[in-house]
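Provided herewith is a single structure, encoded as structure tokens, for subsequent inquiry.
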Amino acid sequence: MIKVGIVGGTGYTGVELLRILAVHPQVSVHCITSRSEAGLPVAELYPNLRGYFDLSFSEPDPKVLKACDLVFFATPHGVAMRRVPELMAAGVRVVDLSADFRLKDLDTWARWYGMAHESPEWVEQAVYGLPEVARESIRKAQLVANPGCYPTAVQLGFLPLLEQGLVDPGHLIADAKSGASGAGRQGKVGMLHGEIGESFKAYGASGHRHLPEIRQGLTAAAGQPVRVTFVPHLVPMIRGIEATLYAELNDPSAFDRLQALYESRYRDEPFVDVMPAGSHPETRSVRGANVCRMALHRQEDSPVVIVSSVIDNLVKGAAGQAVQNMNIMFGFDEAAGLGAPALLP
Amino acid sequence: MIKVGIVGGTGYTGVELLRILAVHPQVSVHCITSRSEAGLPVAELYPNLRGYFDLSFSEPDPKVLKACDLVFFATPHGVAMRRVPELMAAGVRVVDLSADFRLKDLDTWARWYGMAHESPEWVEQAVYGLPEVARESIRKAQLVANPGCYPTAVQLGFLPLLEQGLVDPGHLIADAKSGASGAGRQGKVGMLHGEIGESFKAYGASGHRHLPEIRQGLTAAAGQPVRVTFVPHLVPMIRGIEATLYAELNDPSAFDRLQALYESRYRDEPFVDVMPAGSHPETRSVRGANVCRMALHRQEDSPVVIVSSVIDNLVKGAAGQAVQNMNIMFGFDEAAGLGAPALLP
Amino acid sequence: MIKVGIVGGTGYTGVELLRILAVHPQVSVHCITSRSEAGLPVAELYPNLRGYFDLSFSEPDPKVLKACDLVFFATPHGVAMRRVPELMAAGVRVVDLSADFRLKDLDTWARWYGMAHESPEWVEQAVYGLPEVARESIRKAQLVANPGCYPTAVQLGFLPLLEQGLVDPGHLIADAKSGASGAGRQGKVGMLHGEIGESFKAYGASGHRHLPEIRQGLTAAAGQPVRVTFVPHLVPMIRGIEATLYAELNDPSAFDRLQALYESRYRDEPFVDVMPAGSHPETRSVRGANVCRMALHRQEDSPVVIVSSVIDNLVKGAAGQAVQNMNIMFGFDEAAGLGAPALLP
Amino acid sequence: MIKVGIVGGTGYTGVELLRILAVHPQVSVHCITSRSEAGLPVAELYPNLRGYFDLSFSEPDPKVLKACDLVFFATPHGVAMRRVPELMAAGVRVVDLSADFRLKDLDTWARWYGMAHESPEWVEQAVYGLPEVARESIRKAQLVANPGCYPTAVQLGFLPLLEQGLVDPGHLIADAKSGASGAGRQGKVGMLHGEIGESFKAYGASGHRHLPEIRQGLTAAAGQPVRVTFVPHLVPMIRGIEATLYAELNDPSAFDRLQALYESRYRDEPFVDVMPAGSHPETRSVRGANVCRMALHRQEDSPVVIVSSVIDNLVKGAAGQAVQNMNIMFGFDEAAGLGAPALLP
């Protein structure tokens, strides 16, 4: 039984962490902080948790956090980078769900996030927590940078192609679509039901913060620079990301070997599911579950390989992956707390 | 570990039973039948179950069903009443999620369901499976008639008032609203997303099959005939029922004692949650969970007491309550398999 | 051709006024004000209006407003009551879509709106703009208080019963449901798609501002005090209100005459549509249209008459009715600008 | 005033034609046919049309159709090709909303639609009715093949680039997303609200019937063969298509001239709206309106140009474009009946 703390618990990733940890057999939630809601019982803000947690939101208190074995940061970017060094010094392990420690290049980070990084030394030490790529490093990490939602869906879909050098790294397209919970729980006009409830649009088409994160991961997988175009879209639903990925095979006849390649690449991964070629993964098939499901397609004899990859942005795209990382870090069963099937319909 | 069978597993209550049983520690699903989909792997129809069940749908086979400890019927009405006698004779226990054994009055049943009942003797023996009313009978029952979705939300909301004789039984109104999954998974034009996705309407306002079931339960609670008006509505969402109930207090000043009454009535119930007076239960707070949440209201000094009661129609309104009944029947922990919080957001 | 102004045009009723007036043959929009968006082209905030209006939002300027023949107020309550006297003095006619002039009783208004009224003399002069009740007064009015959305649906549904004294005025129930646009276009967490997109709940069940407005209208129709219980609910859709109304017939056998009564009551009304008894009006059948559609029901031989009444809350429940009132005031064809069918599907 | 007939009027394009024609000043709807609903008043199936049409659905009767000036076919593919020759012979003009006359290559048509074409001579004569490309031919045409929904959004978005030879025709990607009404009004399980109401997925990723239609149009625009990859997706909303288009500029520095190019290409088009570069067109901004809105994007200095293009699939993608074509054919104002702004919110 370990003691965990959650910093910044009023958003959607905060409640999702609690929902998952509520059934985790080896975790006790020691504290959950929120400056704005300090004093409010968690179950008052999130009535689905009535009966599960007696906890109230509290002001962040370093002493309390240092008494934890692990702290999750579910904060806006720029917060974790200031708080993490003190926890590191105290020997606390951290999974940061924000973007603070995801990009290794500090200039890139500064440009996309609009501020200079305040913990460059920990950027270097942080492990980018995509278990399918870095399980062994995660196991030993003190600080894990939990991947972004889009980057998780896009990287898992592209990885086998790039790792094997099967596609032209200069023509990658990732057309991604997300439900509204990805934008968080702030009272913005643009995210009102009346604004987005029965509409669809691209956003960030000229550049989105997840682009450099995707590029960093794909470059590492390819072992050479990649050019990836990434356009996110907003879907009038709450949870779910679908990414349709396009790449050009160097050898079009290689398509026939791809299904076997994908199945073999992910055979031992508990949370990646390669469906039969020609399937169309639905986001509802992963709703509430820590799974990335994908399938391969090609049109006629085109050299373009198409991968459709789906996740629940709050689970495999955030809180679920964070718990998976925690499980790895503490030697728990990697699926502990993550065992229930998706909620369909 | 018991062996259970599911008859008629391709509908929404079928997949919901599987979703719940997938994490139930004492149940093994022995067979799931479907005439139309026989041979199809369950996980092909319901990809959220990939990795959980190796099972395929099979033709209903009495021999296989008789080898079960318990059989769930998730069939259209009129099926269970023909199959149940043979299973009863074989000593198999049954939870019927259809309406076949819910109404004690055979004429009423025949009138609303358009056919004569073929197992009148088992109607008499069947226990109406609302655990909050009949837990002890359920424990010993061989045949449990699992309540309808609307009747569950409406009865639980009205019960304390009627049991205590606090309201006029001649002026009960139940205005209920349901998500689309309540209509099942048949390809009807009227249930297309294009038809109901951004619209709201009443239906069955001149009479709905759940009306006699509600009336039977409320009459028993009141110990005298009741007149209840029940109007269901269709909400453009998938899961969830909200019932707004109106009753007139015999003594308006009694309102102040109602909160305590409700809390006391349901104190020991694991799946009924009385929220503070003045709360507004949301259906999302019970999505995927076997909970009925309710709250009380009154407007100014009106004698009208208002109860808002919410359930997930597929869980506490169907498959979850069926598993709860099974747990009671077999002496399992009543919450086994039903322990996870609702999926919010 | 008249010149109209719109005060407070950034909300949903503002854009809806523009959408309707864009095709009105006798109206030119002279100005549209917004303090927060002054300078912004209307079509930038509302791209559906690109090509229709060259107008930008402007600071409210009394001189400009006084140059109008008619000014619509689409402001939060408390604004119109301060601005209207000056416009009245200048001979400008006003349709106020806010609640400022709806309630004749000043104490009631003060209690529900949390402030003292600053134009009591104009409250007296204002005509409550429900054309089906007050067409002749509207024609001559200088100031029209445009009815609230719920009150429109509820009053039109109850009126024939109360005007004819056919029901017990002490047992009226109005269970009403609205899409999210009724809550306006402010960035409130509670109205995010992520919060309400796949959920249903009652709100204001202990008392809502539209209750006294409904009571005032029904009392006038009945010619005696009424007791009405009104509970609004939030539907995960954008536009539309459905109100299910319950009343007890003094003489249950009168039900058979009700259909004819309703048809006769509304025969000459261009914007009320009585459907055949037993119909279930859908909100989508009035989406974007200035229509109230309704139908009657009864269950078995119950004395309870059930009326289901639907409107588009932004049209017959706000901007459409405002334009209808304007048409009456200026002697235009009452349907000018309001001629297109609802958008279905 | 012309007399028009509609063949196959019970689907979504049928009701949409009626909705538009209800306010068209020069058209009288002479008949609307449906085998399955013959005898049923149109307004009973589509209550939004109550008060607009007295018409009932009728069995298709060649005599009645030949008395029309123009007949719209809103039928499944394979119907129009059998009926059109007789109408052509009778001098009736036809706009076919189905796919029967869209593809010039008969083998391609046969392969994708699974049957041999029965009117090859009329395939040759038919004009592909994209007014932005073929206005003059449409004016004189007796038979117009109304473009598909996806092909309209995709072609309008790509045209200026291909006509000017600015991009590599070998690397075109069209990632398109549609609301559920695009699948029509048949009672298919896969289109139930319960199945798709809160989910997102690709479909037809290995090949969709609109692919050859898109390829034919783009090839004509480019004046050389193109390789286009087209993947459609299903959005949990009713109306609307968004297509995100990717192409590689031959000369990356050309991007800066593209905005002017697009504006100039569509300057005189009443129903194409080029938004400022960097905008994100929303499908709601064209809901119910006959408009294609688009905007251009690029990421950093990438040679990839991104076009986001939106239409209402039932209007500019079907019935609206059909009426636009009719207006051109009969010399009416091209915008007659199509003048109202989109319904937002």
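A few remarks follow.
Think of it as A, B, C and D in the order they're written, each chain with its own count starting at 1.
The rule we apply is simple: contacts are C-beta pairs under 8 Å (C-beta built on N, C-alpha and C of every residue); 3 or more make two chains touch, one makes a residue touch a chain.
Please read all numbers here as calculations on a predicted model, not as lab measurements.
Common neighbours of subunit A and subunit B under the contact definition above: C, D. Simply put, of C-D and A-C, more C-beta pairs touch at C-D. In terms of the distance between Cα centroids, subunit B is separated most widely from D. As a whole-number value, the distance joining the C-alpha centres of subunit A and subunit D reads 38 Å.
Between the CA-based centres of subunit A and subunit C the separation comes to 45 Å, rounded to the whole angstrom. Averaging Cα coordinates per chain places subunit C and subunit D 36 Å apart. Residues of subunit C in contact with at least two other chains: 12, 179, 181, 194-195, 197-198, 236-239, 281-282, 284, 287, 345.
Every residue of subunit D that touches subunit A in the complex is listed here, in rising order: 171, 173, 175, 177, 179, 194-195, 198-203, 205-207, 211, 227, 229-231, 233, 235-240, 242, 244, 246, 248, 278, 280-284, 287, 297-300, 302, 304, 306, 308, 310, 345. Considering their complex, residues 12, 15, 18-19, 22-23, 46-52, 181, 197-198, 238-239, 273, 275, 281-282, 284-289, 293, 314, 339-345 of subunit C touch subunit D.
Put simply, subunit C touches subunit A in their complex at residues 12, 179-181, 183, 185-189, 191-198, 236-238.
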